[in-house]
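Look for chain A in each of the two complexes below; its partner is chain B in the first and chain C in the second.
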Partner chain A sequence: MVDEFGNLWVHRLKWAYLLLIVFSLMSPVFYVMYISFNENGFGAAEYVLTLESYSLIFSDKLMMTALQWTLSLAFCTTVVVVPMSILAAKFYKATRYKVLTVFLLLSPLFVAADIFGAALLVYFKNLNLMFTSVAEATGLSFLSGWFELGFITAWIGLIIYTIPYAFIVVLITMGRYRHEQTEAARACGASGWRAFWDIEFPQIRPGVFSACAFCVILCFNEYTRTSLLKGGFDTFTTVLVSQMLNEGMSNESYAMSSFVSFTAIAVIGSIILYTLIRSESLGQVARAKAEPNMAG
Partner chain B sequence: MSSAEKQAPGRSNAAAGEPEGVLVPRLQSAAFVLPVTFMVVFFALPVALTAVWSVFERTMFWMEPGFTLFAYENFFTSARLINFLASMYHSFISVVICLILGFPIAVFVRRRIPQVAQHRVVLLFILPFMVSEIIRIFALRPILQRNGLVNETLMNLGLISEPITAILYTPTGVVIGEVLSFLPFVVFSGFLAMEAVPKYIFEVCDDLGAGPYRTFKDVILPLAAPGIFAGSVFIFVNGIGVALLPNTLGGPGAVNAGLIATQAITALDFPLAMAVSAIMMGTLMLLLYIGHRLFNLTHILDPIS
Partner chain C sequence: MNGSAPAVEVRGLSKHYGSVVALREVDLTIGAGEYFVLLGPSGGGKTTLLRTIGGFHKPTSGQVLLHGVDVSNQPPDKRPTGMVFQSYALFPHMTVAQNVGYGLSLAKLPAGQIREKTEAMLAMVGLAGYGERKPHELSGGQQQRVQLARALVLDRDILLLDEPLAALDAQLRKDMCLELKHLQEKVGITFIHVTHNQEEAMTVADRIALIADGDLVEQGSARDVYEAPQQRFTASFVGENNLLDGTVAAIDGEWAEVSTPGGTVPVHRRGRTVSTGDRVAVSIRSELTRLEPADAALDPTMAALDGAYRETVYLGLVSAHRAALADDSEFMSRVVASHDQPSLPDPGTPVRIAWAREAARLHLG
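So, the complex of A and B:
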């Protein structure tokens, strides 16, 4: 390893570059946060610390309603996407059509939001027309309105958007699981569900929780597909963008942006911390188990 | 893996001859196919149907079945094509900048950082990626504008006497926005690509006295090519498809395919919006096909298979 770290300064320089890139990527967000606490707003000569902009967004009824819709969408999406990702990952492991499966599940990453949002919007409008026609022709009135733009269509759009991320996270975690354990559990008489819940799930739990966190954050952040598919209600980002486009960046806009960013950073920061603490504690357990052998 | 195992996971229960009825194993098998079916119905089908809807006749508020190439003619014989090609050019520049800035990080993490810490370092790049893209893009406005952070800092340092106005509301602003939005993806895909380069290969190169440039050109690049290509396609396609970037940072002249599609929907010209979507999907498929023929993109899956 002497060669690899032969020139310590070059190594440090590379680390500095890496951190500089992370800081550069985060700098717009940090700057927005900095402005959000200034009573005088952007460009003011004097910086007066305040939390007033934050209290304004929480007393805004439109904003609170939008927040409720966003939370509902995030909750419903997570509840569907995470189990679907687990099923998809298990299917991927077992199927012989791996390339096709992974292509289908990861393709939404490669299709730009506006392009896919437009395609889905027209698809839902056509489905809605078709269902309404069938309802009118058959008298089955419950069929009409299924795909009218609203909560369900926005929800489907978010499921398609978040599933690739959750799938990758679950698949990577599942990659460390040894299938022989399930086979042993089944040989001992455990049902398929019990083998999964008692043996496999505890081992993939960190990945499942990470997938949940990613889903919630991505739903909170998503704008394009939701704005095209949501119909009549507003989400946090659609209110934020319409405010920013119509009124420019107001103090409230800065506070809203910072609030969303703080939430995302807190969640991801918690995951990073949890991962660090968990790997450290697992390391300690492994070292403690290895000690008697080493002594022997 | 045996052939029985290679079937849908739920089927192995039935094969084991458990005292469950026929319905339960079938439902289990169906459950495993559910995500793929969902993706076919709500992703593959709408995307494929864009080609069909793009040749429909436009009506006042909607469209009706028929066959006309008017939407394509509208796209290819107007300024939209020039704008589309310009957005491709800017997107290509963004890809090159992202690769120059981001890929060395992936190589550094893979080559110089101990295995146990590698994923934690990559997690650092999740942080900016998880902050809303909209916020990151809008936040660039106060940074890049006339009295923004960049101009203020440069003027305070005495490097410029007048604020630079050519950054925001120009193609430069769009490229900066694309680089800041998509750079984490190059690090992720680069890191995944570097999984295909075993660590001992660096030692072999060092032993043979190959310099960093030769190692990169003749060893790293061919092995990591599928991952690099996938990351590049992601940035390129999103660069020409995300409407918010030119809309927020590019000023009046900046238009890309995503913006053309959303403007067409606002104008209730659904066939045009679908034609643009179909062209985008065609571009994506063509790029992926070329990439697959050149680099065999299935190698990207090796680390997670």
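So, the complex of A and C:
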């Protein structure tokens, strides 16, 4: 809300400050993007524009395999996390213990990534030991190997990591939803599920899609937990980090970093743009409703 | 379904939220085709009762029977009821026609039939031609009409209305009140209407039940509730009544003398059993009283209390004269403004407030 009696230049200064902060934070990323298009790489005196580094990523078998694993993890995590977040947000709206619910759901964020990853690593190793012992003792061989480090353990780690973010995103859109509409649908003869699917879901759909996008981006960006829990396969980020640590920043590394950043910015940017357009459209609706209507 | 059973029967219904008692042992019977109003102050339990009848709350104890069938444990979509909410209950992502036809589509009616019934119902509520609009393009009154159409199109024979006019402005509320009444007469189904507005209740109701503090205080026709309230609460909530608390000082046949801090007043017992010393209350409707000079001769058919004139408030149709009784409690007399006395006494002037002896009503407890 703009203070109509405020100084216009103070208002402009605030915006300039905000943009400066954003630019300062993002400038290293922009610089990496800039280098990724230079054929001569970092520090070269001459800048030669090229897309070759990007084509190298997509022709690199190791990289493509890592990308497939990352996409699989992102897909499986999203499929589990988004419905869980919707259920959690619905529970939050219904419960009297809102602060406790939020605290419990956000608690994974309060633990440092490496500590959480290490804790899960120990936990899964012990769990695996226990299941293997039970399998050996009982002869139920199918029990062994469930919690060996691999896709499932990395998946669980990512579920725990992404659920607070998805919950918050869904909750924001669900906050605007009026429960009377569900009751009205029930009064029309809809079951609980139909009322949700026909009436509530279409109204929280932007939040659900945003939560999906966040999940995918977070799965792409996550390194610490995944590297500790993934076992024998590699993800996009673990390959990138390991290449940087072992070989230094190559042109391909710059391109990989930029590719991930471009994707994230594009997705988040689209969400923000969509949200702004939607807010404006809802604002117009609200203003239209506020107009006096003499029709009765 | 039992054809001879009442449309709604509530037996010993209680609803608790932890230690909070929202409804306490409520018994109620509503006949088929009746326009029944649940009236009472906010937080009294009337909406809880309506929502329990509709299946939106599960009773803590007691039963809800619709047409003789116990539906206490059935969800709203399994009950033969429709519901109109106070506001915000239209589906904003659907058009008006889709809103009205939603229940029909759930019932899997053919598309042509849905369209036909929807159009007919929109015409009935005065919204023909509005089917393609979105809810936000309608005024508050029109939105409530859409809700009505959406509930009525389902052909259910009990319609629950939860403060349906509360969000509308005063004039629109009056117009819609009459429309609701005429609509109910036209469709002939049972309407159960919750409101805290007594004028709204009187306009539409065949019968009114007063609900306060989780109790069903009293029920009866609108005229009975207004003119002959049984309970002190009813007298305090419905109409503008002067309430005098006191004790029975003497009994003379059908008449009791009640001693109040403002003076002793006679009141007809109307068959009620009281004894000397009982704590009772007397109510007198303000429009049945009049302010007189303190030294005016008192007609033997009248009763009166002495007081001091305070002020007169002009309310348009009526003027309200306020006087202080001997214990400094206030007594009000309302008269049609155009019939009011031309000159008013100065504040503090001794006056007499008089009423016909039969106008006073006795309330026990």
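Methods note: the second predicted complex is superposed on the first by the 269 of 296 C-alpha atoms of A that agree within 3 Å, B and C clash if a C-alpha of one lies under 4 Å from a C-alpha of the other, contacts with A are read in each partner's own complex, and residues count from 1 in each chain.
Operating definition for what follows: a contact is a pair of C-beta atoms (placed from the backbone, for glycine too) under 8 Å apart; a residue touches a chain by one contact, two chains touch by 3 or more.
This structure is a prediction, so every number in the text was calculated from the model and none was measured.
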| item | value |
| --- | --- |
| Touched partner set for A:Asp198, first chain B, second chain C, both or neither | second |
| Touched partner set for A:Asp114, first chain B, second chain C, both or neither | first |
| Of chain B and chain C, the chain that contacts the larger number of chain A residues | B |
| Which of chain B and chain C A:Met84 touches, first, second, both or neither | first |
| Partner chain in contact with A:Gly43 - chain B first, chain C second, else both or neither | first |
| Contacts of A:Arg186 with chain B and chain C, given as first, second, both or neither | both |
| Partner chain(s) touched by A:Ile160 [first = chain B, second = chain C, both, neither] | first |
| Touching both chain C and chain B, counted on chain A across the two superposed complexes | 186, 191-192 |
| Chain C-touching residues of chain A, taken from the complex the two chains share | 178, 180-181, 183-192, 194, 198-199, 202-203, 285, 288-289, 293-296 |
| Of all residues in chain C, those that touch chain A in their complex | 54-56, 75-77, 81-83, 85-93, 102-103, 106-107, 136-142, 147, 150-151, 154, 160, 172, 175 |
| Residues of chain A touching chain B in the complex | 3-5, 11, 14, 17-18, 21-22, 24-29, 31-32, 35, 42-43, 84-85, 87-88, 90-91, 93-96, 98-99, 101-102, 104-105, 107-123, 125-126, 156, 159-160, 163, 167-168, 171-172, 175, 186, 191-192, 214, 217-218, 220-221, 223-224, 228, 237, 240-241, 244, 249, 253, 257, 260-261, 264-265, 267-269, 271-272, 275-276, 279 |
| For the chain B and chain A complex, residues of the former touching the latter | 5-10, 12-13, 16, 18, 28, 31-36, 38-40, 42-47, 49-50, 53, 62, 101-102, 104-105, 108-109, 111-112, 116, 120-121, 123-128, 130-136, 138-143, 147, 149, 180, 183-184, 206, 233-234, 237-238, 240-244, 257-259, 261-262, 264-265, 270, 273-274, 276-277, 280-281, 284, 288, 298, 301, 304-305 |
